[in-house]
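Both of the next two complexes hold chain A, though its partner changes from chain B to chain C.
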Partner chain A sequence: MKPEVMVQDLSYRYDDGEEKALDGVSFEVYPGEFLGVVGPNKAGKSTLCQALVGLVPHFFHGNMDGRVVAGGIDTRETTVDELSKTVGLVFQNPFTQVTGAKLTVYEEIAFGLENIGLPRDEITRRVDEMIALFGLEHVRHHNPFELSGGQMQRMAIASIMALRPRIVALDEPTSQLDPQGSAEVFQAVAALRNQGLTVIMAEQKVEKIARYADRVLLMHKGKVAACDRPEVVFSRDNLLDLGIRPPAYTSVARELDLRRPDGTLPVTLDDAVALLRNSSVNS
Partner chain B sequence: MRTISLYVEKESFIHGLDPVTKLWLTASLLIIPFIVGNIESTLVCLGINLALLSVARVIRRIFSILAMSLVLIITLFIIQGMFYGGNRTEAFALGSLVFYREGLRYATLLTLRFFNIISASMVLILTTRPSDLIESLVRRGLSPRIGYVLASVLQIIPMMISNTSTIMDAQRSRGMETEGRLVTRMKAYLPLMAPLVMSSLVATQERAMALEVRAFGARNPKTFLHEEIISRHALPIRVLTSLGLVAAVIWRVIL
Partner chain C sequence: MRVRVENVRFHYRLGEPVLKGVTLDFEGEATAIIGQNGAGKSTLVRLINGLLKPVSGEVRVGDWNTGDFSVARLARRVGLVFQNPNDQVFKSVVRDEVMFGPKNLGMSGDTALASSREALADVGLEGAMDANPYDLSLAERKLVSIASVVAMNTDVVIFDEPTIAQDYAGVQRIGTLIEKLKARGKLIIAITHDMDFVAEIFPRAVVLRRGEVIIDGSTREVFSRPDLLRDSFVEPPHATQLGQALGLSETVLSVDEAVKGIKGHRSRLGGLAGSDTAHDQQFFQ
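Moving on to the complex of A and B:
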């Protein structure tokens, strides 16, 4: 299968950065795959997300080496607005993603579509579709700033999705939300998966990543420390040295030495429970 | 959500006019009296503006503005009435204070002009959403970036003000004095401004990125979600205001 996203030996240093924010990063993401990106603060997760949509190097003019190819397009050879039709990016803070120039949620979602110059009937068709998909019907006429954090972030996702990208990157989209809001956003992300999109999501909540991601990219100091299935990455012994904590179920399983046949530890609740049931049947 | 706007939502044919026609109407009624230069033309334009405001059912809004300027106007009458350079003919005297016709007439002209400027602007301001006006201008070639800045400032400033009061409350609840003598208040405002300025600087960069990924930098011609509705009154109004302007210029040149 042809990869949907190809990152080849990507290094990047911000103009005013002392160290490289990204240092020789290579990985691939396949169509329809969900790649979780984890790593401690300053590991380079946000920089990586920005590189996927071309903000690095078109918005931040630092020093970039290597290549990013998303949906067949080399990000260096095009513009951020052209790329927006192929790769989307949802940011951390729902508040700063509100344009501030639009008076209703409906108009806010239409913003990007006006910019790419779609005809009016196509704009309304897509906005209606996004409003329904992300459960924003009851707030469609509200002012964007009046929404709850979770609603605002869903609106941000809807605004990006309205551009119909094939790939969506999300940079810790729930880190500023309360549990209710973050549950809403995870539901929205599940909706993206059902649409067959390729999803790349930076996220601190390892339990969520363990549950949703097909593979996990573990970053540390701008380098790729691991890129594999969640149970392989989270079963590593040196996770804490790399600045992340494994899912709680995984830590418990490690204490109990509860392993799958392939030697990896369970990473989700269901996983752990199934293994426990199995082992009690056997003994 | 507050935005900076005096717009009053009503149904009227003035509200239904497109913003650019209204801008044209307001501008003409505002400058015609200056072109012609006499009291009569000012009275006519003021009359038209007041009529438009009452058709739009927003005329009560301007009374308070006019009432607030009363002191200014009285002062104007007293000073011009007594000391206007062209004063010749005595109108009346209050004891030793002599008022002259020329000065009073000039004060009347200034007052009417002032009223006319206010009421003409209010025809536009009270009946038009700022965002609609901006969008209409962008349709006619105003740069979308400038349009964006204008539109977002109207919403983001009230937002920053409310953030300020949130931060103030937070500082006050930690025992900081935010009221009282100027020095005390200055001391309170500095630590207040730091997080505000920092957070809005960071927010500005993030918002700029968020705009870029929504194709704000696209070079192609923009389209618009809302259709611009040009009411059937728009054309006659534009023709009439243009004729009024031409007439005013002719009057000025010939007389």
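Moving on to the complex of A and C:
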């Protein structure tokens, strides 16, 4: 299968940066795949997300080496506007994503759709769909700047998902969501993969990444420290040294010396429960 | 210092009540406020620091009724770290930002500087004194906003989503800072969606749902009621969920407690039968 996203030996240094924000990063993401990106603060997660939508190198000032190809397009050889038809980015801080040009949540979500010239009834249909999907009914006529933090984050995700990009990068999209809202975002994004959506999501919520991501890219100081299935990455015993806490289920299993048949530790609740039940039968 | 919220009602727009008669008493114990997006958590703490005044009912900070005091006066008693640091941080140098509050409260230059230094060191930003907050990352800007409030040394310190954007080390650091403030006798109130953090740091939890308090109790009690929590869009900590799925008899709150609980359960019963029904009641995976 042809990869949907190809990142080849990508390095980037911001003009005012002391060190490289990205340093020789290479990986591929396949159509319909969900790649989780984890790593401590400053590991380069946001810079990577920005490189996927071309803000690096087109918007930020800095020096880029290597190549990013998203949906068959080399990000260097196109504009951010052009690329946005294929790749969407939900920003880390939803506040910075609000256009400031619109007076209601409804219009805010419609904004991007108007820009790409969709017919009015299609816009209405999509915006209504997103408002329902992300639980914004109560505030559809409210001012985007008068929302609660979580509502603003929901709106930011809805605005991007309404555009139906082929590829979406989400930069810590659930940091201000309540537990149910955050589960809903993971479920919604995972469900859209059946329609071919390719997902790259930076997150601190390791339990959620362990459950939903097909593979996990672990970043540390701009480099790729690991890129593999969640149970492989989260079974590593030097995770804390890399600034990452393992999922709670994995920590419990490690203490009890409970491993899956392939030698990895369980990373999800279901897996941990199943293993614990089995082990108690044998012990 | 004691904070009392008595039958407080509040709305931003007529006919859309946000708080529908909230009564809460805060004294001594560090309290976490949890609940769904839009439940009214940030609104509640803005009423405590006096940025907002109740439509009816009253808020008392010690013997002060917030209705009778300006935000500036109340700032002597209540410090509030905003949910979004961009709403709070406004100076162009970290040093000025962090010293602004302490100076406004009348601390001398030296005291304000010492207090600011200590607060910045507590959040791991001792090296950022001369930085421009807008050159910092979101996580660092949040830490600056925390330091600015902590430096004011108020009796009541309120954190709205302190752990946003923080990595594991950052969350640990904020936890340590809150423990230090607790030990100094500060009254701590924090809003958060991070239930592992709640279990680790806060002995009491209050659950808000659509402008009403629906649970208020010890954190262990609150997390032992999965049914009520689910209705409030909240879930217990991960370790607690594991314990509940396995049918452990006690509510466990941490990885260590889960490990002990599972070992105890095994030695008592010679196995982990668990209950399938418990496992079926899963949370928002």
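Quick note on the criterion: the second predicted complex is superposed on the first by the 255 of 283 C-alpha atoms of A that agree within 3 Å, B and C clash if a C-alpha of one lies under 4 Å from a C-alpha of the other, contacts with A are read in each partner's own complex, and residues count from 1 in each chain.
The rule we apply is simple: a residue touches a chain if its C-beta (ideal position, glycine included) is under 8 Å from a C-beta of that chain, and two chains touch if they have at least 3 such contacts.
Just so it is clear, the structure is predicted and the values come from calculations on it, not from any experiment.
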### Query
Do chain B and chain C fit side by side on chain A after the overlay, or clash?
clash
### Message
Is A:146 touching anything from chain B or chain C once the two structures are fitted on A? First, second, both or neither.
### Response
both
### Message
Once chain A of both complexes is superposed, is A:40 in touch with chain B (first), chain C (second), both, or neither?
### Response
second
### Task
Give one of first, second, both or neither to describe whether A:48 is in contact with chain B, with chain C, with both, or with none.
neither
### Message
Quick check for you: in the superposed arrangement, does A:59 touch first (chain B), second (chain C), both or neither?
### Response
first
### Query
Can A:201 be said to touch chain B (first), chain C (second), both, or neither?
neither
### Message
With both complexes overlaid on chain A, does A:80 touch chain B (first), chain C (second), both or neither?
### Response
first
### Message
Looking at A:178 after the superposition, I want to know if it touches chain B, chain C, both of them or none. Which is it: first, second, both, neither?
### Response
second
### Query
Touching A:93, do we find chain B (first), chain C (second), both, or neither?
both
#### Entry: Which superposed partner A:211 touches (first chain B, second chain C, both, neither)
second
### Task
State which residues of chain A lie in both footprints, the one left by chain B and the one left by chain C.
93, 95, 146
### Query
For chain A, which residues count as touching chain C in their complex?
16, 39-42, 92-93, 95, 135, 138-139, 146-151, 154, 172, 175-184, 204, 207, 211, 240, 243-245, 247-249, 251-252, 255-256, 268-270, 272-273, 276-277, 279-281, 283
#### Entry: Partner chain B, residues of chain A touching it in the complex
50, 53, 55, 58-59, 79-82, 84-85, 88-89, 91, 93, 95-97, 99-103, 106-107, 110-120, 123-124, 127, 143, 145-146, 156, 159-160, 163
## Note on the structure
chain A partner, complex, touching residues on chain B are 1, 3, 129, 131, 144, 147-148, 151-152, 155-156, 159, 203, 206-225, 227
### Query
What residues on chain C touch chain A, complex-wise?
12, 35-39, 41-42, 83-84, 86, 135, 137-140, 161, 164-170, 193, 195-196, 233-235, 237-239, 241-242, 245-246, 255, 258-259, 262-263, 266, 270-274, 279, 282-285
